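Structures for review follow.
In the two complexes that follow, subunit A is the common piece, with subunit B as its partner first and subunit C second.
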Partner chain A sequence: MTNETNSTTPKKVPAIYPAKTKLQVTVIFFVVLGIYLFSMSWTQQQMAGGFSGALSNMFNVIEKFFPPNTAVISAIWGPMVETIQMAIIATTVAAILTVPLALLAAENVTTFKPLYIVTRTFLNLLRTIPDLVLAVIFVGLFGIGLFPGILALIIFSLGILAKLISETIESVDMNPLEAMRASGGNVFQVIWYALIPQVLPQFTSLVLYVFEINIRASVVLGLVGAGGIGLILNQQLGFYNYPNAMMIIILIFVVVIAIEYISTKIREALL
Partner chain B sequence: MKDYSLPPKPKNSAFKKIRNIGILILVVAMYVWTFVSIDIDWGRAIERAANNFSRVIPRLFSPDWSATSDVAMSMLETVFIAFAGSLMAAVIAVPLAFLAARNMMGGVIASTIGKWILSAVRAFPDIILAILFVVAVGPNAFAGVLAIAIGSTGMLGKMFSEIIESIDMNVVEAMEASGANKIQILFYGVIPQITPEFLSYAIYRFEVDIRASSILGIVGAGGIGTMIIFASNNRNWNEMGTILLAIIIVVTIIDFASARIRRKIV
Partner chain C sequence: MIEFKDVGLVYPNGTEGLKKINVTINDGEFIVIVGLSGAGKSTFIRSINRLVTPTSGSLLVDNEDILKYRGSDMRKLRTKTGMIFQNYNLVKRSNVLKNVLAGRLGHTSTLRSILNLYKKEDIGLAYESLQRVNIAEKIYNRADELSGGQQQRVSIARVLTQQPKYILADEPVASLDPPTSHQVMTYLKKINKEDNITTIVNLHFIDMAMEYADRIIGMRAGEVVFDGPVSEVSESTFEEIYGRSIREDDLRGGADKS
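Showing the complex of A and B:
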């Protein structure tokens, strides 16, 4: 008898998620969708012709970029090399400056709490400023040229690098450090013989990673007058010389991919 | 008597020595090349800095409060650009990630194609994409949205595909064995495993995109970058101070909020 009723009336399967979670997820979904639709309409309000007009226009305009003018490559090779050199110098200087900062921002090395908190906050603030904004300010200060670009890259990569390296330092094995301290090593001896051997592979890998970031950043610094290939790109776009601009963009693309490939291979070999 | 001498040092092979010397020579050569051929006009830079210092730095630290409402509106637009762009990217990245993940579409060829598409997209800096879209759809915020969307797709797609590759395949196999079809496997076996991490990375990317979209205006793609370029052209460093303050505050708030949400999700 009971078996029959069970087979005829489908047993109510308990839901996997409680009703409260379901409601929460639904509400969040609609809020996100609402903000999305609102932002889409906000960002399109100054656009002439609306979305569909823009899409059809896009293909007409993109045609203007092709074919890229390959003759220009000899003229843009110099600035491209300059861009890579900017990134090399900036990465090197940042890698040197980052050592004391990373040590100060590592909880297990800097046992003096206020100093650690101050360094951490400083690094967090540094990281919030975008690279091009730094470049704009330095161009205002030093005039147009390579120097403000390099300075902007240094400050920008310092924030990232010091944070990543301080996290590496925080994750090292503390036993060798303690053993050294116990047998009478001073702060510098502990850092030199116990910390550095543990951190060095990651340090090199992170520096290479930041070098990749700097290459990408340095190709666009010229847009605000801070040297490198971006300056030429900006000029060519200003003259509506789209085939030349396309060639520059392709060169940037190739260089970025090549450097990333090499850097990834080295980093894989290191770790 | 005990012998207290140090243990023998491990011997370095000749190959390693030669390799290390080779690397050293390469690095030194790179630095020599860099520092010899780069040409910085130190004299001019220092002279300019000495002249400009008092005109720039103190004014940067005394923000122009009268510009607050304009700056706030631009910053709001920047947030909207980043939000719309990263949500679009999060949606576009999902099919590409399934294509690029080795354990989903089967076939190494599909995975390789997917990985190539994603790394090609990643190689373009956001602002170069913004230049292209400004030419295509005109100098407005929507060009910024498109630039952010395409720019973030590369990184999100890569992260998503790595997440898909790391799921527990036993669940999928068990479902296959008990006769579930592909769609059922996708909805009950794969999606529950990847959703939290997908969301976490999408939110993290929103954080990154806030920074990225705040400079897109430099090439005309809307947001606070437009004000940055005006302030710098007019040497209006007080206003630049306000803008900088707005960027720092908004980025900090969003970083903080996003870190908390992500900790809750994963």
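Showing the complex of A and C:
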């Protein structure tokens, strides 16, 4: 209908999208826009002080935090390492547990529909629980320390990893799998020889990515008592010891950046 | 020996893939199946190694009804029937040797194969198979570094390594140019003669069917409409099978170039 005006022949050119799709997209667009506008005006009302208030507050805060206390660095190094270990252990365990779950949640491997649907639903449920809530629950169950933090991270990263990896599995080339099946390979041999080589680079990359997320998450989990550097940071803030807290924040910043840099480099090399 | 006895296959969506097929394939034969797209050639071939399961009749391989097979019987059946595909179906990220060794999976225990503990003879056999199709120098190349014709030769080597009694080839040359097509068919024919492996090949091309087959089976709409030795086949036979006159694109050509 749009092209008819400037074409010389009266031939009808079909639109790229059917009229129904166009209508749907338009409606969705306006609904989303409406939600944006509404929430913008709503938050404006809630923020009584507005941005100018926040700005003056910020100077007050910054003043209290500086200069950071470099003397505590040796004392906080231990908990920092604990945090990293927490992330490493949790990521490793999650990576192992992911394998069977991801296979069961991949439609092309698990052809038995009910099993696939149950696993999918389980993973979806897992992902709806925020990591912080998991940490609070486990700290309540096991007391303050690293263990509840690790548990929370395992479950949290399992939800993400299994979902992403099952999607990677669903996108593999099925032809080699058929060839292995046709040559007499059993299920395990088919997966090992035809599937794993296809998903291994993606798998490693995703595990590293989740490791990055876990480093940051484990800091936050520490705030609710799940061990590591976050716990110390929370204590120092509780004592109003802002220069110490600032030193901790700087250390976290440096470590997170360093780990993300290394991990990104490895992932680039893999893909 | 493979015997189709009143074999029928109805796909879950209601399409009749095979209708009352009665065919006997003797040991050592080189059979080419021709027919238009959708005639049921793939369905026929894939019934023999149970990649699809006929819904009626009985299908005997070496005097056993394979339609009754489950689990380990099926594995045995597939171990003695090698398959070659139009798209080679190699694991692209794995190297040539690993792809060829996959032909031994049916003969190897799960634990051994997962730990990569192949027997010395198996690796020797894989290498020998690669030599037979003249591609041994690519042994450590990744499969996706090879040309189409080279990949198909690797997939032939994979089947050779399997040491099957039957070879099923589903349009093995459809993705190749004429000279390479003839090269691949020549290898298949040579293996058929030297190792006495019964070979069944699906082909689109009339001239290739005539050149390589001992016997031609023509299919149309799920039925066998012709079955006889090449000597009985003429252009009118193909016109009957195809239900139309023969066209330029029914021929591969390039026979003299190989």
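One rule holds in what follows: the second predicted complex is superposed on the first by the 216 of 271 C-alpha atoms of A that agree within 3 Å, B and C clash if a C-alpha of one lies under 4 Å from a C-alpha of the other, contacts with A are read in each partner's own complex, and residues count from 1 in each chain.
Going forward, a contact is a pair of C-beta atoms (placed from the backbone, for glycine too) under 8 Å apart; a residue touches a chain by one contact, two chains touch by 3 or more.
Note that the coordinates shown come from a computational prediction; the quantities given were computed from them, not determined experimentally.
**Q** Go through the superposed model and pick first if A:P243 touches only subunit B, second if only subunit C, both, or neither.
**A** Neither: A:P243 stays clear of subunit B and subunit C.
**Q** Does subunit A have more residues touched by subunit B or by subunit C?
**A** B
**Q** Looking at the overlay, what does A:I137 touch: subunit B (first), subunit C (second), both, or neither?
**A** first
**Q** Quick check on the superposed pair: does A:F188 touch subunit B, subunit C, both, or neither? Answer first, second, both or neither.
**A** A:F188 sits against subunit C, while subunit B stays out of touch.
**Q** Once chain A of both complexes is superposed, is A:Q198 in touch with subunit B (first), subunit C (second), both, or neither?
**A** A:Q198 sits against subunit C, while subunit B stays out of touch.
**Q** Tell me which partner A:P176 touches in the superposition: subunit B (first), subunit C (second), both or neither.
**A** second
**Q** Subunit A touches which residues of subunit C in the complex?
**A** Contacts found on subunit C: 49, 51, 75-76, 78-79, 81-83, 85, 87-94, 98, 102-103, 105-108, 110, 113-114, 155, 158-159, 162.
**Q** Okay, in this complex, where on subunit B does subunit A touch?
**A** 30-31, 34-35, 37-42, 44-45, 48-49, 52-53, 56-57, 60, 77, 80-81, 83-84, 87, 119-120, 123-125, 127-128, 131-132, 135-138, 140-142, 144-145, 211-212, 214-215, 218-219, 222, 225, 228-229, 232, 235, 237, 240, 243-244, 247-248, 251-252, 255
**Q** What residues on subunit A touch subunit B, complex-wise?
**A** Residue positions touching the partner: 32, 35-36, 38-40, 42-44, 46-48, 51, 54, 57-58, 61-62, 64-65, 81-82, 85-86, 88-89, 92, 124-125, 128-133, 136-137, 139-143, 145-148, 150, 216-217, 219-220, 223-224, 233, 237, 242, 245, 249, 252-253, 256-257, 260.
**Q** Help me check something: in the complex, which residues belonging to subunit A touch subunit C?
**A** For subunit A paired with subunit C, touching residues are 173, 175-176, 178-186, 188-189, 192-194, 197-198, 200-201.
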